[in-house]
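One structure, as structure tokens, below. Some questions next.
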Amino acid sequence: MAGDSILFYALSFLIIYFALGVLMNPNPIKAAFNLVLAMVGVAGVFFHLQSGFLGGVQLAVYAGAVMVLFVMVLMIFDLKKERDAFSQGFLGNIGKLLAAGIVVSLVINNVILSSDLQLATSNAAKAESGRDTTKILADLIFTEYVFAFEVLGILLLLVAIGAVSISRIKGGTHADS
Amino acid sequence: MASIVPVLVLTAIVVGFGIFLVVVTGMLGPKLPQSELKKKSYECGIEVQETGHSKIPIKFYLTAILFILFDIEIIFMYPWAVTFADSITGGYGLQVLLAMGVFLFVFIVGLFWEVKSKALEWE
Amino acid sequence: MLTVDFVNIGLNHYLILSAIVFVIGMLTVLLRRNLIVMLMGIELMLNAVNITFVAFSHYNQLVNGQVMVFFVMTIAAAEAGVGLAICVSIFKRFKEVNISLFENLRG
Amino acid sequence: MGADLFEIGVNTAKLLVIFLMMVQIVPLLVWVERRGSAYIQNRFGPNRVGPLGLTQLLADAVKFIFKEEFIPDKNRRFIFYAAPVVALIPGALAFAAIPLSIPISVETFELFGQSWGPYTFLFQGYEVGIGIVFVLGVSSLGAYALLMAGYGSSNKYSMFGALRASAQMISYELALGLSLVGILLIFNTFDFQQIIDAQKGQMVIAGNALPLPNWGIFYQPIGFILFVIAVFAETNRLPFDLPEAESELVAGYHTEYGGIKMNMFYIGEYGHMLVASGLMVTFYFGGYNLPWFLPQAEELIASYGNVMAAVILHLVFLAKVGLFLWIFVWVRWTIPRFRYDQLMDLGWKTMLPWALANTIITAIVVFWMRS
């Protein structure tokens, strides 16, 4: 299992390193490139967890489409210099960091303490063996989750209409253009 | 079992090769004195008017946003395409076909609306 | 008893990774002042949640979690689309997307 | 990667060879492109350096390596240098996922006083299991190389070129993705190997054998045409090379690049072409299989042995890919460039509806045939 854990640690290192890059890099475009690499790392984790199809979708949709949109918008803006990249106020920031620390330690604590419980619930319902995970996934989407699927279709239509309409608005109540 | 190790190894090879090329040719090339003029960006010899790119049309961004939405709808068709034959043999093919039919109808309405609303017009 | 196994990778390791990434995303939203970078923080948080879903799905041998990941990705893309549309219209008005400018926005 | 040292070594060497194949194809294709364009336009082309101008490539390489560098704006320097490296990645990763021939089985043998094997080596870089989704995902990352180059050069022409190129790439990615749904409906799998195996032999419709090979193109002619057009736009080649329209944008996103760095963008572009041709062959022309009246893989293995059969089938694959690469060159010098609005209209208002119609008709036919 040594190779497995080395791979896991390498991927987690990459993900956390680039995620920190998003947090720390004051240049928004560089932050966006960092986020792309973090998402590629997440796709690697999906592949590693035998969910290749989701890994591919992660690459195609997240890294290849959503992030292209982010980078394009940032390039259109071309912010000359980033005014206050980080929030001001020493006390407030300390509070935020403390809150984050509490959240992460609570989660980790919970995870470690509950390790026995998960073993009990696994093996409850095994996937059919011999069939491709992708096909089971597709079957589920088009039978059990078909309503959610159709609603998502309508949601995407609404988002398309909404995005076009928002970009048509000429400044709203502050109109000067 | 599919492993991602070879993918990572190939990525490492490619990146290593690329960095090697960039670094080595950077060292091999002649080092001529740099002048201010040389550092300017190349715009066919005309004096550089604006270094920024402040006049980029919003169209590009609108195209990208519509791309994302349609891309996801297409990604939904991929699992459907590979499982469709199985569902026909399983006896619930019509249901799956109709589910995708409704989805495609929404897709077509969206596309029709985008074309109608001239969001995709480029002058 | 708190013992952490660093060699045999199990579900817990993925959950901890996901928690860390989630908190980094949260901090990005809390600490950064650029609207677009804050949206990126949200994407990071959604990714962390996806890792949890896939890890549970893998270790429980249940595919339902992966369906959820698929839906989360869709929602995330929709959210990014609308969020960036709003950012663009704000930018067209103020030539800036820093939220410190919008602290006293009014109707 | 493999169970022991020998398998790991062979697999790594395979990856190296596949990457070198992609790098090597560039000078060759550049030569073919220059000679081909000269032939089409009734000129000579490169003919002074070496026989048929073949050593021109070497001279070019030397020139590329010993160029003086352009040193960009300081705070964008890293992105400027990283862009050509990123440009290499998508093509290489995608090409390694395509099967180039039948797998080679190696029996147990003795070496260094130890017995090794048996092994089965795939004639491809790696098997990812999700084939086409992986390839689409990886090649959608290609947009970043362009955007990074445009941003890193801090030049407005580069910027415009990069934005145009990426907007074009993503617009045609829709038609590309959708045109493949039809073929997936027929073969029911993402895996390249299974798709190739499904295309063996003769076409049989309703019990009648037709005198046609069982290739995807005969099931999906519209899908194939749409795929070819989309692929031309994806690779940013004429008639879709708007991003580098020299009369409008100097040289597009690689205006500020020179020497080997510009060449790396070319390697990426030709790698993309190679992947595109490989996909066309795999999906629509039976992969490495020969038509039914010629010897099939099993007969070749029986008469020539596994290794020779794999080499022969690999040559068949290369011949098919070479044909498509030549079509890329041919089209480039035949059809003039589109205008940008025409290009976008073609992508969104013509290709997408056709691809949708193709998908719907295929689904209905598949439903009708199978139930």
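Note that the chains are named A, B, C and D in the order they appear, and that numbering of residues resets to 1 at the start of each chain.
Methods note: a residue touches a chain if its C-beta (ideal position, glycine included) is under 8 Å from a C-beta of that chain, and two chains touch if they have at least 3 such contacts.
Please read these numbers as outputs of a predicted model, since none were measured by experiment.
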- Does A-B or A-C have the larger number of C-beta pairs in contact? A-C
- Interchain centroid distance [CA atoms averaged], subunit B/subunit D, Å: 16
- Query: Approximately how many whole Å separate the CA-defined centres of subunit A and subunit C?
  - Reply: 5
- Query: If you average the Cα atoms of subunit C and of subunit D to get two centres, how far apart are those centres in Å?
  - Reply: 34
- Message: Residues touching two or more other chains, restricted to subunit A: which are they?
- Response: 47, 50, 52-53, 57-58, 60-61, 65-66, 68-69, 72-73, 75-76, 134, 137, 141, 152, 156, 159-160, 163, 167
- Message: I need the residues of subunit D touching at least two other chains; which ones are they?
- Response: 128-130, 133, 159, 163, 166-167, 170, 173, 190
- Task: Could you tell me which residues belong to subunit C and also touch two or more other chains?
- Result: 70, 73-74, 77-78, 80-81, 84-85, 88, 92
- Query: What chain-chain pairs meet the touch criterion?
  - Reply: A-B, A-C, A-D, B-C, B-D
- Query: Tell me, which parts of subunit B touch subunit A in their complex?
  - Reply: 1-2, 4-5, 7-8, 52-54, 56, 58, 60-62, 64-69, 71-73, 75-76, 79-80, 82-83, 86-87, 92, 95-96, 99-100, 102-103, 106-107, 109-110, 113-114, 117, 119
- Query: What residues on subunit B touch subunit C, complex-wise?
  - Reply: 58, 61, 65, 68-69, 72, 76
- Complex contacts: residues of subunit A adjacent to subunit D: 27, 29-30, 33, 36, 40, 43, 47, 52-53, 55-60, 63-65, 68, 71-72, 75, 134
- Query: Hey, which residues of subunit A end up touching subunit C in the complex?
  - Reply: 1-2, 4-5, 8, 12, 15-16, 19-20, 22-23, 28, 31-32, 35, 38-39, 42, 45-46, 49-51, 53-54, 57-58, 61-62, 65-66, 69-70, 73-74, 76-77, 79, 82-88, 93, 96-97, 99-100, 103-104, 107-108, 111-113, 115, 118, 121-127, 133, 136-137, 140-141, 144-145, 148, 152, 155-156, 159-160, 162-163, 166-167, 169, 171-174, 176-177
- Of subunit D, residues touching subunit B in the complex: 1, 11-12, 15-16, 18-19, 23, 64-71, 81, 84-85, 88-89, 92-93, 96, 125-130, 133, 153-160, 163-164, 166-167, 170-171, 173-174, 177-178, 181, 184-185, 188-190, 250, 255-256, 259-261, 264, 340-341, 344-345, 348-349, 352-353, 356, 359-360, 363-364, 366-367, 370-371
